[in-house]
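So, here's a batch of structures to check.
Heads up, the next two complexes both have chain A, just with different partners, chain B and then chain C.
Showing the complex of A and B:
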């Protein structure tokens, strides 16, 4: 342990003495203070704060990410090249101790810099809220909706299951055309179902079920912590306004909310549906009274107006219905976001170190960056493929059948590869944080587990197996 | 008896070959070629040879920094790549591969921690070593600003921080001033007296001649001569006297006697002080005249812990 700490503190000292630490601090200050001033929000205080949160935290994580990858992929490789490793390797030090020591060192540096960035962000936001904002109302909204950690609840997604049942129904009813392969049939059914789920024509009705998580205590809930938002866009036919009626509550007890949009506006509409005390009472207390608190549900129903007065609307698949429940304050959400970012940096450090064990300096850096690039591109490719199937509800393409061999294999490889990257890519910090959405402790735990333990562990073990076979007195292998 | 002998062989090398290969695994240089060595406890062993004869390569194989292409190498009866034995070895590389941003004090502290030395022991040894190498006044400057010789001294101190049983010094006197050279030689003698084993490599014959018990002369990766210095250098057929100057007639008588006995003219000259001695004297004088130091302070002190006899 002493040896690991010695190497870690050497790494930290190197960062400080080489002025890397100070220059990063200066860059962070410039970015965190400077950048938001050049970007204008939508003119409101909320818009401004959102921009500040997104860019400061986002840029901080990008800057530290690149630096970490750069520094870590250089360390061991450069010590081998400059032969400083000769004096370490002849001491009673295991190779894993060198690796771990460097890793802990980098982690500590990053933690310190993230703390620093966090403090600046806090100060900046505090100052902006105080100085900006035309009235108290605006400030209150910012505090409640942005400077908070609100848990985001989406309607239960049963798509996969429904695809499955429908497929088997059609199969047993003999309605399935025999030319379709199973995969093709699945994607066809999926498209159909998605259309049914998101597109609501005049006079149709659609129901969503929102499950209230068990941590919201039944009787003591605070109504101002809840907010229900819906997002939809009218289909571009006719010039009626969208007109319809929402029912919110339980099966028995609900309120009605009549909705009319401005005449013939196109594009995305976002509406906050008011939640009344009595409805929330039934949702929070009565529905859970059976003793089963984990079972509380809020039922949401939209009945579109008839064709004369209204028109077809499409609900955003991802963000159509959102229920926010404020769960934590701004500061603790910031801390959790920073922890997730720190875990990501830990993974980058591990990747860089392993690269630096295998290759000499510029090659190591280059290969580490390539891995990151490939993972990002692959992930977005896979995400795009997934949404591609979802979004084309009308344009019924015949292309699906004449996929070339290469296309199929590349898609398959990408999917296989993405199973490695997905657990890491899934954990987000900057996006939810800047939207005032909760970064839950579960995510932090998962980040620590995957990005700071499992993946670095695998990378480290892989690197060390090869490191041990390396002759350290040979600069290149 | 057998066990005793086993115990006393610190380094055993048998038919060692090292071939450096290029990227495609094609042989490039045969740096060590069939080397056999046996180094025993308490010995000062000199590896001698011209530049590029394979001295450093042999040493790096003994330290596990390079892997032998073929042959057997045992250090303390273990593989040189065994981490356990490293605690008993001190190594001074051919050049000082130190961290430029650290001060000598921090450097020694860092390597001391790698040996897992206790805090108090480490502190004490660091100061003793700094004093021994004459770097006390520069203890907090960064090594990056040091001259080659000063850095070399830090390297030497670093090699001794664990009070090693086996000290491996690769050209220890390169870059050192004569005072430093003398000190290093004294140090080696002191350590050997305490039962430590020392391997040094050098191409400077004077280094080796003064201190080594046994030497091996390498050329092109194989041993051309091996034995004790006296054995190798002794010339049975000539003798030399050194005495105070004689008065002319005594001198005449002596020469006549010799001529008569051997039937040949003997060589006569006045021995001059060698440059090493002269230099040492001048520096010593200058040191006594000044108190400020920017380079290395000459000192005769040995680190105390290195003088303690093993029980």
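Showing the complex of A and C:
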């Protein structure tokens, strides 16, 4: 362990000596302080703070990511080229310890820089909230909605499952047209179900079940930490207002609360449904009777007015119904976001170091950046393919005859590759943080496990094997 | 040697070419001097890459808009336009996107107004600065005033009109500015020229040529920006602005007198004093563009509106005169039946 720490400290001293550390601090100060001076929000304090949070943390993450990849790609490669590695390699130090020491060194530098950036962001945001804002109302919104870690709960999404159930029911009842292929049938059913789930015509009713985690609903929960938001828009322009009734209840008692919506304007309607202490008490008690550790179920219902009074409305599938539960403060959410970013940097450092063991500095840098580029592009395409209406069932369908061999092969390759990249890409820190959404400890734990232990571990083993086989005493000119 | 010689000759010719471009008004604006560093960086240092970056940012705009996350759009529009500052179409698109597409997504009129203003400000404060010679940019700004604020398509149009009238009333002496007095009020003057980018000389010229007009009304500002667009362009390039000037004048005739009701509501009434000047404007433009059919149709439509408006306001003799002129210039089946039937049909 001492040997690893000694190599890590050498790495840190080299970074300080080469002015890398100071340069990065200066760049971070310039970016984090300079950016808010030029930023333009949407005209509200909340918009301004969101943009500041998103871009300052995002830019910090990008700058440190690129630098980490660059520096780690050069660390071992340049030492081999300049023969400095001989000074270490001839000592009783295992190759594994050299790799790990350098990785720890880079990780420590990144941790220090992230702490520094985090402190600046913290100071900057508090200063902006204090200085900006036309009134206390705006400041209150920012404090409650953005400078917090709010757990976001969506209604359970059972679309995929329902597609299969309906398909098999139709098939067994002989309701499926023989002209439809399996893919086409899935696609049509999915479209139908999506419409049923999101479009609510006049005189129609729609229910959503929101599951409140048991740890949020225990004794002493605070009602002011709960916020229920709905988002929908009228399908087309018309003379009628959007008129309907919202109800909150449980499986035993459907109407604990009622509220009417009556708004004549087109556009996206965003409503906060007030949750009172008595309603939430009943939800917690009645829906929690199954056991203390079970999730509490709140049923939300929208009854659209009849055609004389109201219009058809459509709900956003992903952000239509959102229940926020304030779980942590801004500072702790920032710390968790920084930890996820640090784990990502740890992975980048491991990738760069392994490339650096195998190749010369320029080739290692090029290779490491290429891997990152391929992973981003692959993930992007796989996500795009997944959002395609018919693709949810593709895994279960036979090979479609109208796809070329090249298309089928490349799609399969992209999907296989993305199974490697997806665990890393899935974890997000900057976006939820800037929206005031909780970055949970579960995500941090997952980030540590995948991006700081498993993937770097695999890369480290690969690096070690390659390092041992690398000829260190080649005559470089 | 040949290459160096070519560079040297090109350099010698450069000044002359720049002057010729300015004379013939083929540039969207004069070459920028004292360019801000960010602008110089994006236009010069990034070179062709600036378009690629603009494309990526544009994709982000579309994605965010689809997700209903609008808070970042002003910043992204600012970057995209700065990456391609001399392309008027890009400024126009983003201003229109904010003023029309985004604003309509807001259920609260106050929020809608903020987005309409974001669109206005993008064009007025910066788009025109970098494309001073592009009449299309002025036209688009005029259109936002004429159609988005002045029109009735948006359900919140009354809110926009009220807000704009409130802003202008305090600044411009209830819509009819005293120019001599204004020039002695530095604070007001700074706001008019600095924030609203209005030039007092141009306003005075517009008032003497077409008015006096009520500057609280959005059509007056559509008129102002199209006059500016016309001033900065020549020949056929000015035609769209000329047409919008006539369109704004028609609007000012129909609802150019603003009355604030006891409950604070806005009432817009016809301003018939403008009639002779509007006729003069139509005839002058028609003389300059005798082949343009749209102007002819628009003139006939204005005369039709004028007859009915004058009649409805009790100016029956004047209405008959205008009707006779309409029947003479544009004989239509509806004028052939006579004055009484024509106005009666209008009332129905």
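Assume the second predicted complex is superposed on the first by the 411 of 477 C-alpha atoms of A that agree within 3 Å, B and C clash if a C-alpha of one lies under 4 Å from a C-alpha of the other, contacts with A are read in each partner's own complex, and residues count from 1 in each chain.
In this text, a contact is a pair of C-beta atoms (placed from the backbone, for glycine too) under 8 Å apart; a residue touches a chain by one contact, two chains touch by 3 or more.
The structure presented is a predicted model; accordingly, all values stated were derived computationally and were not measured.
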**Prompt:** Which partner does A:43 reach: the first (chain B), the second (chain C), both, or neither?
**Reply:** second
**Message:** By the touch definition at the top of the document, which applies to A:473: first (chain B), second (chain C), both, or neither?
**Reply:** first
**Message:** Tell me the contact category for A:14 with respect to chain B and chain C: first, second, both or neither.
**Reply:** first
**Request:** For A:6, decide between first (touching chain B), second (touching chain C), both and neither.
**Result:** first
**Message:** Quick one: is A:233 in contact with chain B, with chain C, with both, or with neither? Answer first, second, both or neither.
**Reply:** second
**Prompt:** Thinking of the overlay built on chain A, is A:92 touched by chain B (first), by chain C (second), by both, or by neither?
**Reply:** first
**Request:** State whether A:161 touches chain B only (first), chain C only (second), both chains, or neither.
**Result:** neither
**Asked** Which chain A residues lie in the overlap of the chain B contact set and the chain C contact set?
**Response** none
**Request:** Report the residues of chain A in contact with chain B in the complex, numbered from low to high.
**Result:** 2-3, 5-7, 10, 13-14, 17-18, 82-84, 86-94, 471-474, 476
**Prompt:** Which residues, counting only chain A, touch chain C once they are in their complex?
**Reply:** 38-44, 46-47, 50-51, 54-55, 231, 233, 263-270, 316, 318-319
**Item:** chain A-facing residues of chain C, complex
**Value:** 38, 67-68, 70-75, 78, 104-109, 112, 114-115, 117-118, 155-156
**Message:** Residue numbers of chain B touching chain A in their complex, please.
**Reply:** 20, 23, 60, 63-67, 83-84, 86-87, 89, 91, 93, 95, 97-99, 101-102, 106, 110-111, 113-116, 142, 158
